[in-house]
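For reference, the structure discussed in these notes is given below.
By written order: A, B and C. Residues from 1 in each chain.
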Amino acid sequence: MVVLSVRGLTKRFGEVVANDHIDLDVEEGEIHGLLGENGAGKSVLSSCIYGLYRPDEGRIFLRGHEVHIASPFDAIRLGIGMVHQHLTLVPHLRVWENIVLGREPRRGLRVDRVRAFAEVERLLEETGFRLDLAKNAGELPIGVQQRVEILKVLFRGAEILILDEPTAVLTPQEVDQLIETLHRLKAQGKTILFISHKLREIFALCDRVTVLRRGKKVGTLPVSSATPQMLAEMMVGRKVFFEFPRERLAKEEVLFELSHVFTDPPGVPLQDVSLKVHAGEILGIAGVEGNGQSELAEVVVGLRKPKKGKVIFRGRDVTAIPPKGRILQGMAHIPEDHHRRGVILDFSVKENLLLGFETEPPFRKGRMTLDFARIRDFARQKIQEFGIVTPSEDTPLRFLSGGNQQKVVVARELAFHPLFVLACQPTRGLDVAATEYLRHILLGVKREGKGVLLISADLDEVRALSDRVLVMYEGRIAGELSPESDEYQFGLLMGGKVLHEA
Amino acid sequence: MRLRLTVPVELFAIGLAFLLGMLVLFLTGYPPFSALWALFRGAFGTRNAIGQTLTQATPILFTSLAFLLAFRSGIFNIGIEGQFLIGAFTAALFGISFRGLPFPLHAILALFSGGFGGAVYALFPALLKVYLGAHEVITTMMLSYVALYLTSYFVNYPLKAPGWVAQTELVAPSARLPRILPPTQLSLAFPIALGLAFLVLWFLERTVPGFSIRAVGANPEASENRGISVRKYQILAFVLSGFIAGVGGGGEILGVHGRFVDGFSPGYGWDGIAVSLVGRLHPLGCIFASLLFGMLRAGGMTMTRVTKVPLDLSLIIQALVILLVAAPVLIEQLLTRRRKPQKSEV
Amino acid sequence: MSLSQIINLSLFQAQLRMATPILLAALGGLLCERVGVVNIGLEGIMLTSAFFGVLVTYFTSSPLLGFLGGLASGFLWGLVIAVLTVRFFGNQIVVGTGVNVFGLGLSAFLSQKIWGSRGASDAVSGFAPLRSDLLARLPYLGPVLNEHTFLVYLAIALVFVLHFFLFATPWGLRLRAVGENPQAADTAGINVFRYKTLGVVAGSLVASLGGVFLSLGHLNFFAWGMTSGRGFIGLAAMIFGKWTPLGCLLSSLLFGFADALQMRLQALGVLPSQIILLIPYLVTILVLSGFVGRAVPPARYEPYRKE
């Protein structure tokens, strides 16, 4: 029986059509995959079903009856629950408070703690989760927070669960646990809409899968009759090559080195982190997010001073040198979340290309004033060289597409031929074309005999690009693996297990 | 934030504020049209009126530029009033002392000492913010009150000139800024403020520190990543902001009063915040907005004299302008008559 | 002069009295901040309500109606601030500044119109202090707690009511969730806009009690700018009190003590009034500078935009 059915759903954001007349049928008790690359419209579709967005056109039916879902409140009332990609817990509320929030059992004017605990504990039994309900939600590891999210949804009596890219923040082992949980929920009769761009998960979990591409539905088919290659082509719209040619180019010369680095909080303290990046090499850092990667990046850039240990660039100790000095010596940085860390959206393309070089002689005349003629020429040259699509160099960056904003970052960082590039989650949030472009840029940097330190939570990306991979866990380097090592070994290290090497 | 002027929303807000002000007059039984007419006449009707308007606009042009500069680095310097008072006080002290100095030099140095006083007074909250994390909105506000009472103490006790009024003695003639439109009080401080507006614009748009200040204010994280120190440029902007406020205070003493009079500022520093916002945080916008507020003050006096409407109507209109400018989305919706709230970009 | 002339039981009685408007401002600020709105317009709200309290009392000769009039003005301000900051995403600091200027302008304007002076209103009959013989017999504590207007007791009761509301009731739980993570609250089916509006309006209402206290429970007339920065000090007390009602009570008592002490010293002519008047402000700065631990707000001060 079809429990949830969507007909002709369309959602526009200004000029962009995020969902273009999408039909979707979900059977009762199935796990239905929603597959598509970033920006294909998966999250928008699910947000419309959950009442976070109001669709511009289209109808939604629940067990054959048309429903109007204007807010999450309506969705919850109709038995639809959603676990979001970005977890939505209130950090300073306790776990049980987070779970009952919005549907608190009451005794008089008070929240009835006893009943709340009893009800939540019954859910714990059903799901097999183990949790400390009295802890603040913000103190829990991400994987556990996600379980709280699932409990939240179940507590509201959801029969249909929507999970939006739930595995993005998990280790492979946690993913396995999640898959197990979802199978158990399915056995209890729940219907699950599982959103992902990872084929592996679709195959491990789903009964049927619907593929979206650029806001349109490509098709729905049973997973048993699909092959990975087939789904990948449906998703991307052309033949896909999963493998990059791996060239061994690493030289003896060490370009960049961290030697026994320790740091203090705030953040995850780094403990005895050592690494070497050789010329002509991409060194990958894998690991679940929040295990010290951001802190590591800050140490490399110079934003965080190590308590102990050294940062060495081209044989020179740069530990005491601030970020600007490091940039000028030839260290570049493609930061994660470029909206926040890489560019200034209110600044023009030109000013963004200048950012960090404004003190340098070519752009400066006199001691203090900027030479705007030179800056304009420089900007125009970079716009051409990197194929940045923009009306002019004076356009505020806000009006460029995400891929073009990323190109501005890349153009600026590579402008003065750095010898070493730190790339943090460089492809997160980019579409396939932009991702591919960026990966080619990084491989190009390597081919020129420079060094790259690639930090990414996307294990596939790290393995595809790197020559060697270090895994981080709780602020330490848990071990080094070859990118060809099997996933299980990565998973063990990412989960904090020590490998006993022969 | 780019330096760009979008006129209609602000103009509409100002128009609406005047309409609402007239409504207040109507409701309280005053004649709205003749009161407003008297206000405009008092502001622009005669040569003297124009002189008065420009005189009133001068200190708030200084203070609005001061607020703007700090704001551009991401600092909410609510304490302009305090820096303005301290600047006025140090300029007065300098003008009273050093009596041997010749005219332009004495005046210039006195003005600079005012700026210096304001800068030092802004340095405290800057350091407290950057090193101890004390939020500048509250600290600067508190420091404004401290400055008010501190200067009041000095002119009431140790530095009080003989007589009944709590004020210092007159500064030396060599420290006075010349009047440029006698018999009005309009002094050289006005052209200085105008020039400063253009200087601030040039500084922000065309110089390395100006670029850095804007970068730090628009996106501190990206700036840090690119080696632009947020601390350094926020302190710089804070101190420059205090400097401008202090010069404004000095200009008021050396140009208009000739001495530090207790309570001489009716809140020029607070006005500057509003003026700056009404001027869309653009130096040239500040010029227009300070003229508007100067008009309200100067014209308000005539209005009170002629029609007996309380002077505070000007304050009410100012407040309405501020409230309406604070939420541009409201005005945009009034203008486009859309029902749904503005969606943010995706 | 002996120390007992300065420090005696009536000083502590004054402390409690002077702490009351600060406490009410702090609690009002607390409610606003708990839903993610910084309300620096507290000063203007208090001034407006102080004014309307006197105005209504003046025309009706009923302090109770005056009390309601003051509250009504606080309610209206709450609605205006909520509409501007929550519904139309207005800048909170700017809106607050506007409220303060408006409060100052309107009260002086109407004061001039009605009483012919922008400096002060005519005197009205305010609230009489309540007296309990039973309480009076209590040693030490009796004289301190006795003979206050009902607003003082109301303020203290509010501390516990708010504590209960915030930390024991479902609505308090939701209010805190809305401030700390509006997305989370939204996905839990809570109407974020409604709760934000509720917090701001309730906060403004509580702050207006502080204004009414100043004009009807303390001086019995309206004076130009009579709040003299208490709204701001209330914000400081709230930060010092780590955004909890009980914390607000303790820090307000501290500021109230400074206030009472300065009045006492001023009356005795020990120090020039200006020097004493700036003491509370200096204390606030020291407090904010983290000499008592770092202050981390419980909410994000940004408008919540859906989509």
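Criterion: contacts are C-beta pairs under 8 Å (C-beta built on N, C-alpha and C of every residue); 3 or more make two chains touch, one makes a residue touch a chain.
All figures in this text were calculated on a predicted structure; none of them were measured in a lab.
**Q** If you apply the touch rule, which chains end up adjacent to both chain A and chain C?
**A** Under the touch definition, chain A and chain C have B as mutual neighbours.
**Q** Decide which interface, B-C or A-B, involves more C-beta pairs in contact, and give its chain pair.
**A** B-C
**Q** Would you mind pulling out the distance in Å between where the CA atoms of chain A average out and where those of chain B do?
**A** 46
**Q** How far is the middle of chain B from the middle of chain C, if each middle is the mean of its Cα atoms, in Å?
**A** 28
**Q** Spell out, as numbers or ranges, the residues of chain B touching 2 or more other chains.
**A** 343, 346, in rising order.
**Q** Where in chain C do residues touch at least two different other chains?
**A** Only 307 qualify.
**Q** Report the residues of chain C in contact with chain B in the complex, numbered from low to high.
**A** Within the complex, chain C touches chain B at residues 38, 40, 80, 83-85, 87-91, 93-95, 97-102, 104-106, 108-110, 112-113, 118, 229, 232, 235-236, 239, 272, 274-275, 277-278, 281-282, 284-285, 288-290, 294-295, 305, 307.
**Q** Give every residue of chain B touching chain A within the complex, in rising order.
**A** Those residues of chain B that touch chain A are 1-2, 206-209, 211-212, 214-215, 218-219, 221-229, 343, 345-346.
**Q** Report the residues of chain A in contact with chain B in the complex, numbered from low to high.
**A** Residues 13-14, 16, 18, 301-303, 322-327, 333, 335, 340-348, 351, 354-356, 358-359, 364, 368-370, 372, 396, 398.
**Q** Inside the complex, what are the residues of chain B that reach chain C?
**A** Residues 24, 28-29, 76, 78, 128, 132-135, 137-139, 141-143, 145-146, 149-150, 152-153, 156-157, 270, 273-274, 277, 310-316, 318-320, 322-323, 325-330, 333, 341-344, 346.
**Q** Over in the complex, which chain C residues touch chain A? Could you list them?
**A** Residues in contact with chain A: 164, 168-170, 173-174, 176-177, 180-181, 183-191, 298, 306-307.
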